[in-house]
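A, B, C and D label the chains in the order they appear, each numbered from 1.
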Amino acid sequence: MTINVGVIGVGMIGQDHIRRLTHVLSGARVSAVTDVDIDRAKSVATGLPAAKALQTGAELVTDSEVDAVVVASWGPTHEEYVLACIEAGKQVFCEKPLATTREACERIVDAEVAAGKRLVMVGFMRRYDDGYLAMKETIESGGIGTPLMFHSAHRNPAVPPHYVNDMIINDTCVHDVDVARWLLDDEIVAARVLVPRHSSLAGDHLTDPIMFVFETARGALVDVEASVNIQYGYDIRGEVVGERGTVALADSNRAVLRSDRRWSGGVPEDWRERFLRAYDVELQEWIDAAAAGRSTGPSSWDGYAATVVCDAGVAAMNNGGERVVLSLREQPDLYKPTAGAGPTVE
Amino acid sequence: MTINVGVIGVGMIGQDHIRRLTHVLSGARVSAVTDVDIDRAKSVATGLPAAKALQTGAELVTDSEVDAVVVASWGPTHEEYVLACIEAGKQVFCEKPLATTREACERIVDAEVAAGKRLVMVGFMRRYDDGYLAMKETIESGGIGTPLMFHSAHRNPAVPPHYVNDMIINDTCVHDVDVARWLLDDEIVAARVLVPRHSSLAGDHLTDPIMFVFETARGALVDVEASVNIQYGYDIRGEVVGERGTVALADSNRAVLRSDRRWSGGVPEDWRERFLRAYDVELQEWIDAAAAGRSTGPSSWDGYAATVVCDAGVAAMNNGGERVVLSLREQPDLYKPTAGAGPTVE
Amino acid sequence: MTINVGVIGVGMIGQDHIRRLTHVLSGARVSAVTDVDIDRAKSVATGLPAAKALQTGAELVTDSEVDAVVVASWGPTHEEYVLACIEAGKQVFCEKPLATTREACERIVDAEVAAGKRLVMVGFMRRYDDGYLAMKETIESGGIGTPLMFHSAHRNPAVPPHYVNDMIINDTCVHDVDVARWLLDDEIVAARVLVPRHSSLAGDHLTDPIMFVFETARGALVDVEASVNIQYGYDIRGEVVGERGTVALADSNRAVLRSDRRWSGGVPEDWRERFLRAYDVELQEWIDAAAAGRSTGPSSWDGYAATVVCDAGVAAMNNGGERVVLSLREQPDLYKPTAGAGPTVE
Amino acid sequence: MTINVGVIGVGMIGQDHIRRLTHVLSGARVSAVTDVDIDRAKSVATGLPAAKALQTGAELVTDSEVDAVVVASWGPTHEEYVLACIEAGKQVFCEKPLATTREACERIVDAEVAAGKRLVMVGFMRRYDDGYLAMKETIESGGIGTPLMFHSAHRNPAVPPHYVNDMIINDTCVHDVDVARWLLDDEIVAARVLVPRHSSLAGDHLTDPIMFVFETARGALVDVEASVNIQYGYDIRGEVVGERGTVALADSNRAVLRSDRRWSGGVPEDWRERFLRAYDVELQEWIDAAAAGRSTGPSSWDGYAATVVCDAGVAAMNNGGERVVLSLREQPDLYKPTAGAGPTVE
């Protein structure tokens, strides 16, 4: 029952998924790896019990010893590999973004629809976080009434030098976009970006912080504070406001210290620490589904929708706060909600 | 050292201040009352140790047994009474709003400037709340770096039948406007209102909830969620986001109950419960200042600024999210910050 | 309706009550003061609007310009002054302890019973704290079922040089004793002291920390951790465990700071900060009751019971953990529960 | 690198470990099972990919297709199986208790010492819980100074009909005993049990709740409240009090709900929910160590010490609160602290 997984891209994220597949999760082994840097791929393969390094992603996807594929390469290459997996009829776990343009995402959706079955899962790991799952559960149980607003905050202590301006939308807020769509069970139809005073701790080339505001088809309003140089920690906040109550992520906390005139708890250092467990749960669910020949989790449609919303966000970022209307193509039946469409919420 | 206070308007708020002056606070006695309903004024006076009922506010303000005045009458009458107090050279505590139009506020400012001394304190009680004082203290100590955003939420379980649409700005958000100006020590220069889906629990004539967004002169962005029919309680939330940290109101809590699979704490029922203590501290500070011939607390300028911002908010409420620019007149020297301009923050 | 209050003892606590009576509370004025240091009494009187300094407590109690008395002198003198007040038929607010020996307390109880009315209130201010009131309210509403245990912690950052060993029971835990009796509505019948490792930050002459354990007549078990040199702050914790739930004091908090990888809230510096509001509420209730000729709050019986329990605690402190049985005399009818016997819990 | 694990005992716990080994964790497969009910063993084996059912534990331990053993049978059988594993030189994960008598534990220790290497890990899963790990980390970093006390509470909503009186010590408090030894890095030398009023919701045959108090060699005092019919949930509390601060388990919480005048979070339903993750981490660590030929985690010595302390606790439970002194044999060098002796705390 162990599936053979090929991994495309063995940079930081790819190696982390390889570690997970090899040492943490059940039911999978890494059988092949590839990378734009073939020497790096060879080096990684050498350290694994039973993996070979292949020259190209295309070769890996069609390899007979690869049952399913993890795509963790550079974003612009995702389309090619995901399409190849669909053509090969193999389940693929693709790190976000699904693809970097709306058109590329549509080509993936088209191919998957033509294939007649879901083969793609996109790596929106927040859907597997205990806190968001508890929020979803509360909303769906009717505990707060109809949701009307979602306040989200996405705070990074700092960003690396290669972080360019659009990334605050495409790499940072994209997670808030997906989790908003999922929590509210609704599509986004318009977006704005409001820009406060620039943080003196952010590079001059960055618009930081921002407030990314969007509206859903049923009229919920979502505001996302993105502060990517806030120093104090990696802090993800969220509260959905309903007609008769609200539900919010709790403070991350393991233990409460009392010392030096304060009681206090820790804030995570980075997304790895904060979402460590969600990544594990996410990939295990994918393995289990792939082994059973099922699809699960965030779909190509979710990847497509997130990309379209982020495109609107980037367009809105420098227009002085104007509302940007966006629209999605009609949703294929393949992506209509079914029991297997997301993590089970008990 | 006991000062004689005349109270104009003995409705719910007026009677609550009379109770406070008579039974809770130190250094004041109610010597005269008046009301548009003179019988009600007489009835209230009868229940007090040493108060007379007078026919008009004008009469009360000039009465020789009145050292200082509390104005708690209907908003549109505030201008007349406050101006009369300034003319009489008597300290006046005026419930918000200072006056209902920008022009009326300006006339008060002009009169006070002409009088050459501050005589007016406006009843923005949040500045005396322990939670907001701790936030202010933290910000001013540099604990979060330069403030960039302020997220505020103002939630009422329900509103009374006479609550009309503009009141969500003029009566509800006005407190968030004042506390934002005070916390950020900055003036507001533009406003927008974003309107999500209507709460089915709010009357059809109300725009509820709203997100009132405004910008300060130094570029801080403030978002205020106002939800005035949210059922679950009276809940005031606030978080100021700085360059290197944030500071937020804590959950109101006195005791934590563990029962029935939950740990939980209480949410206040209404603003009286939530700000009970702030009202006491506020009015005691005014009494002490009046007895000492000093002025204190939120000034006519603060009342004027709040009214101008709320005017912009009302204009913005139905314009589809457009930004409304606003401007204040030049600030007279009388209102420039001095040691006595607000509650002391240690 | 303003009552004239005489204050015996103008040290730190006495001066704090004078400040409260003069500048914070309603319905009282300080008309006379006395002190073992008569010059200090004169100096304090000079700073007050209408107070005279008297040579002795006896003189003060019988002075015609004194309606009611606050006793804030050294513990061993309390008996004499309280008895004098009872003889004069004047209401007296006596700081804890009521008296320093069981026999002295009994003489006070006898005198009050002979007088046929309650005249004494003992300064156990915790009964007026919002947190404890909420706990009491929850217990009495049946929210946790029958109470079975009470875990209490009493932590001081440090103690002054004059703090001798018995004070950890008589001055520190005495508050936990009273609040346990009040929360559980029960008398204490046996006590033990368990002694862990000595804190290296406590003086060698002190037994610190200790765990003071006692049992009530109905079988509830109370454990009090007293740590009086714990450095980090003044922290009072309490949780009552019932048959189907628990209720605990919440963390003191006004605002939550996020900075430097922590979210945190403040711990009070000392008992003044922690119980500031409770002291105000307590003394206002006494003034109101005294003005109305009623008695209120913790009674002589409560003072007597606390002293008897502390005597047992001191005896138990060095006996290696043996159980010390204690017994109270029969409770006079005067102290049987009535509507006016404590702070009203709504 | 996959190890073959044999499981002895396929009741509730055994089946849960089988699920974990098969579907959750990495690096192990279940190759053989046995049970006192051989039909149940056969039924379980049938549902697994590659497991056989064996007639006896002895057969399973020596089976050539079994690399390592999980013992999850009835407590009194543990000694036999653990000794067999030691004799066979195979790593064994034994659910608590290591054995049901002090003498049996000593025989295991003797055998392991004679074997010259650690082969036994005892299932004290709390050492793998995030909360306790954070507490340990804080203590070891010096964040609270020398630990002086540990307050623990162990609350179960209810217990099953077969739960007899000694189980509140042997099955419930045994976890608090182990975690106290681990957190404080100290041995226990004396114990007492204080018994409050009986909960009317507990069976008459049970002593519930109790306060189990014990002392460590270095003088720390530990108090464990065990309330095993408290209805409201499964709630594990803990706070270590040091010389200059304290560290406590945080409230379990995933999301905070605001509704119906309360903010609230969930309390777990049972130990499975509360320690789900700790069980996973614990067993993965054992698999990894077993695969590498290393031992890890709580040792036979820890199992022995816990049994000796629980024996003293049972003896103390009905002696009216007397102190029971206990002593351990000299600790063999094999169990002296080394880098591999417990979960790594970073």
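By our rule, a residue touches a chain if its C-beta (ideal position, glycine included) is under 8 Å from a C-beta of that chain, and two chains touch if they have at least 3 such contacts.
Because the structure is a prediction, the values reported are computed rather than measured.
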| item | value |
| --- | --- |
| Result of counting contacting C-beta pairs for B-D and A-B, higher pair | A-B |
| Equivalent of B-C within the choices C-D, A-D or A-C, defined by over half of its residue contact pairs recurring | A-D |
| Rounded Å distance, chain A centre to chain D centre (Cα mean) | 37 |
| Between chain B and chain D, centroid-to-centroid distance (C-alpha), Å | 57 |
| Whole-Å separation of chain centres (CA-atom averages), chain A against chain B | 44 |
| Multi-chain contact residues (two or more partners), chain B | 232, 244-246, 251, 253, 258-260, 265-266 |
| Complex contacts: residues of chain D adjacent to chain C | 145-146, 148-149, 151, 153, 192, 194-201, 209, 211, 213, 215, 218-221, 223, 225, 227, 229-232, 241, 243-246, 320-321, 323 |
| Of all residues in chain D, those that touch chain B in their complex | 232-233, 235, 251, 253, 258-267, 269 |
| For the chain D and chain A complex, residues of the former touching the latter | 1, 22-27, 49, 130-131, 133-135, 138, 143-144, 244-251, 253-260, 265-266, 277, 284, 288 |
